[in-house]
Amino acid sequence: MLDYLIKRMGQVIVVLFLALTTVFFIIRLSGDPTALFLPPDAPREQLEEFRKTLGFDRPLYVQYTEFIMNAVQGDFGNSLRTREDALQMVLDRIPATFQLAFTSLGLSLLIALPIGILSAYKRNTLLDQTGVAFTVLGQALPSFWLGLILIYLFAVQLKWLPTGGGGSLIHLILPAMTLAAYSVARFARFTRSTMLDVLRKDYIRTAKASGVPTYKILSVYALKNTLIPIITLVALDLGVLLGGAVIVEAVFSWPGMGRLLMQSLLNRDFPVVMAGVFLIAFIYSVMNFVVDVLYAYVNPQIRFK
Amino acid sequence: MNQTTITSTGVNPHPVNMLRKREPKWQSFLRRLLKSPTGIIGFLIILGVLFLGLCGPWVAPYDPNQAELSKKLLPPLSDGHWLGTDQLGRDIFSRLIHGSSVSLIIGSCTVLFAGLIGTTLGLIAGYFRGWADIIIMRIVDVKLSFPFVLLVLVINAVMGAGLQNIIISLVFAGWIIYARVVRSEVLALREKEFILSCIATGVPRWEIILRHIVPNLFTPIIVLSSLQIATYIIAEASISFLGFGVQPPQPAWGNMLSEGKDYIFSAWWLITFPGIAIVITALGVNLFGDWLRDVLDPELKGN
Amino acid sequence: MGKESPLLEVKQLQTHIKTAGGVVKAVNGVDLTVYAGETLGIVGESGCGKSVTSLSVMGLLPKPMAYVERGHILFDGRDITELPEKEMRKLRGNEISMIFQEPMTSLNPVFTIGQQLSEPLRQHTSLNKKQIRTKIIEMLRSVGIPRAEQIIDEYPHQLSGGMRQRAMISLAMLCEPKLLIADEPTTALDVTIQAQILQLMREIKQEKKMSILLITHDLGVVAEMCDRVVVMYAGQVVENADVRTIFNSPKHPYTRGLLASMPNSNERKGELKSIPGSVPRPDELPQGCTFAPRCPQAVEKCWQERPPLLSLTHQFCRCWLYTHEHQEVAAHAT
């Protein structure tokens, strides 16, 4: 188990290093990055001067080494707008994004697991078919549009909830629902198919033959077998969730990382963009690591290897 | 695809296709399709979007960019505008029809290029293993640590807006899923007896790959593509909505919603119909993709 | 044959399975009786309805695809055919237990042996946790599992196949059932382990005075374990006799075929025979005797009409060859 932890940790570090490299080179995709750092109508002299001050006139490998050395120390430069430390600006927004992402994750699991389990147990009934229809529809709903529709219904028409902004639980409701919708659909669908598989297994028959009542088979025995693959799916979907958060935060003006990233992209404030993109990759990799450890813990076949 | 059952007996399952030619392929395809209501719905929706995307200019009742300020923000069903007009008095229905071609181009081009690149790299990684495999899979790992939409968004922001650039950024972020799927398929195929016997009898590498491996990759690639198209269409809409991607005045469903959101208090139809268009298209493609997967690849059923 | 009172009586059981191609009669009018304290073997090739019969008795048919269409199952004199799930559950793992063919997949990989074995005791007794644990350890020891105190906290994949089957047997025996249904209990095991498990089952049966319904395709296992034997073919009983009669004077050509295809270390001279063909699928049964297409002695009548179960001196047999000798069993036709 310790070997596994160390090996997995090493992988995370390699991936993070390569992620930094990716961030560095994405900025250079268009050729000369100086243009990205200035308004489109900036005069030629200013461009040249800026290129010098940012060091873009030096050889690429020098810039790369410098970027990596600084980034490892947490220095992604300062925001071109506010002159604040770019990484710090992004870090300040993390709590809001986490609040949104984990509320949606919790919400979607809370809704999706019972739906998936019941669908599987009552398969091919009306209940199951309704559930399946909703999950298929949910996967075709773009989150930003769902957000708009929810704003229109609950904020504009019914006036129950605010159209956007942050700070209170009231503000959290609509963005969390929006962000959860896609995950609910995916989780429910996956739970259903996994549960169907598990319910066909010999060991479930053994449990039945021991006189275990149905509710206990579903909620204890089959559930644990079902949860193991679901943990993996949740880990994979954290990326979808974080990506979705960027969009949902923009729709609802939720003051998280995603909104900051969007504003920085629009303002061409690339130090902040680089810090933000890397931080999201960092969070995602670390979470995946945690989930993998959790997975190994839940699954005795791996734990005891 | 019953013929895959004899895969393990040392015979390439692919040529068996030709032995079962009692019924033309498209006929058996149609016969199976007719048995599945959801498959038919998906197929019809795809046909509809294809028709509108290809024949849009002849079908649309108005010029999508013809602004008429005196007729701005007309509600649906008024004055010959079925779905109303937008803030500049442009006909929403016509803009929707023209917008479908954007989604169509995005969906097909991305699938084509991401598929080609991903398949090639996955094939190299899976068949040759070694350094190529390590390098390609590391790149895949890294790409996976960035959320798909975020990657597309940032690349698009760096490259600049426009239809061509959004396809490039989608391909840039989208090939990895093909590489992963193809690689694992190839790894499994390599162990099959019909490949091993080719290697043992000294068939040249390129011939093994082209004649024996590639044909067996078609099914998983087709299934994957049919399920990826909706992802790409929604991603493009999201990014155009956020102000990158396809720029106004060119009509695309995403930027129509982006423009419409400023009028959410006064004109509900601006944010309603483009969204419905996206949902129906994505739903159609997904339904058809699900059906295709169930028919072509029963083992994948469920996820 | 009435040694003691019947414990399990299956009367004219018909179990149907719904498939895409229509309803399949997997079990088609089976009669059998298990007396208290005896071991009854059900023999036949795979696909002949043995397992479906046992699952019908346990009420473990995969509903709603499979269901008992007709017939009765009496356990201890009580009709359990249409027993509500709640009542049926009180029997399972308590009065009727079952062990399965695959010890590898029959135990849940993510729960410890102890967690899984505590289930019948929790459902059917009012023992507390500590008592349950003591009882499980005791039971594990009695089936010959070493280090029972440790094994109880281990996961199934940490045990060997033989050990897992022993654990399955202790799971089945915990509540001291009156009837143990063993569905191919040794098929998936190594030969040496097979012998050990069979020996263990015999010992337990002696000690606890229970009945065993043993389902197997292996006549060697039957010879070692059973008092009486029911031979099944295509969802029906074709021969029913005590074990000595089956081996000494088998009547049905199918039973004879099975015996002839059994490797016998005592007589090396004869070559190993096999029955040509395979069990017909339940949806493709011939019009006449279901065995006719594979039968070396089939006559014209066998192709036309299905034979009834005949009562012979020492056995029951479903074959036209013996009609002139004996009369049809009226009781079984109802």
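Order of writing sets the chain letters: A, B and C. Residues in each chain are counted from 1.
Note that in this section a residue touches a chain if its C-beta (ideal position, glycine included) is under 8 Å from a C-beta of that chain, and two chains touch if they have at least 3 such contacts.
Quick caveat, the model's predicted, so the values are computed rather than measured.
A.B. asks: If you check the contacts of chain A and chain C, which chains show up for both?
C.D. replies: Both-contact set = empty.
A.B. asks: Measuring centre to centre, with centres taken as mean CA positions, what chain is farthest from chain B?
C.D. replies: C
A.B. asks: Could you give the separation in Å between the centres of chain B and chain C, each centre being the mean of its C-alpha atoms?
C.D. replies: Between these chains, centre-to-centre, one finds 53 Å.
A.B. asks: Approximately how many whole Å separate the CA-defined centres of chain A and chain B?
C.D. replies: Chain centres of chain A and chain B, defined by C-alpha means, are spaced 22 Å apart.
A.B. asks: Could you pull out which chain A residues touch chain B in their complex?
C.D. replies: On the chain A side, the touching residues are 11, 14-16, 18-19, 21-22, 26-27, 29-30, 36, 136-137, 139-145, 148-149, 151-152, 156, 163, 189-190, 192-194, 196-197, 239-240, 242-244, 246-247, 250, 261-262, 265-266, 273, 277, 280-281, 284-285, 288.
A.B. asks: Name, in rising order, each residue of chain B that touches chain A in their complex.
C.D. replies: That would be residues 38, 138-139, 141-150, 153-155, 157-160, 230, 234, 237-238, 241-244, 257, 261, 264-265, 268, 271-272, 274-275, 278-279, 282-283, 286-287, 290, 301-303 of chain B.
A.B. asks: Within their complex, state which residues of chain C touch chain A.
C.D. replies: My answer: residues 58, 60, 85, 89-94, 97-98, 100, 102, 105-111, 116, 119-120, 123-124, 155, 157-158, 168, 171-172.
A.B. asks: What does chain A use to touch chain C in their complex?
C.D. replies: 201-214, 221, 224-225, 228, 298-301, 304
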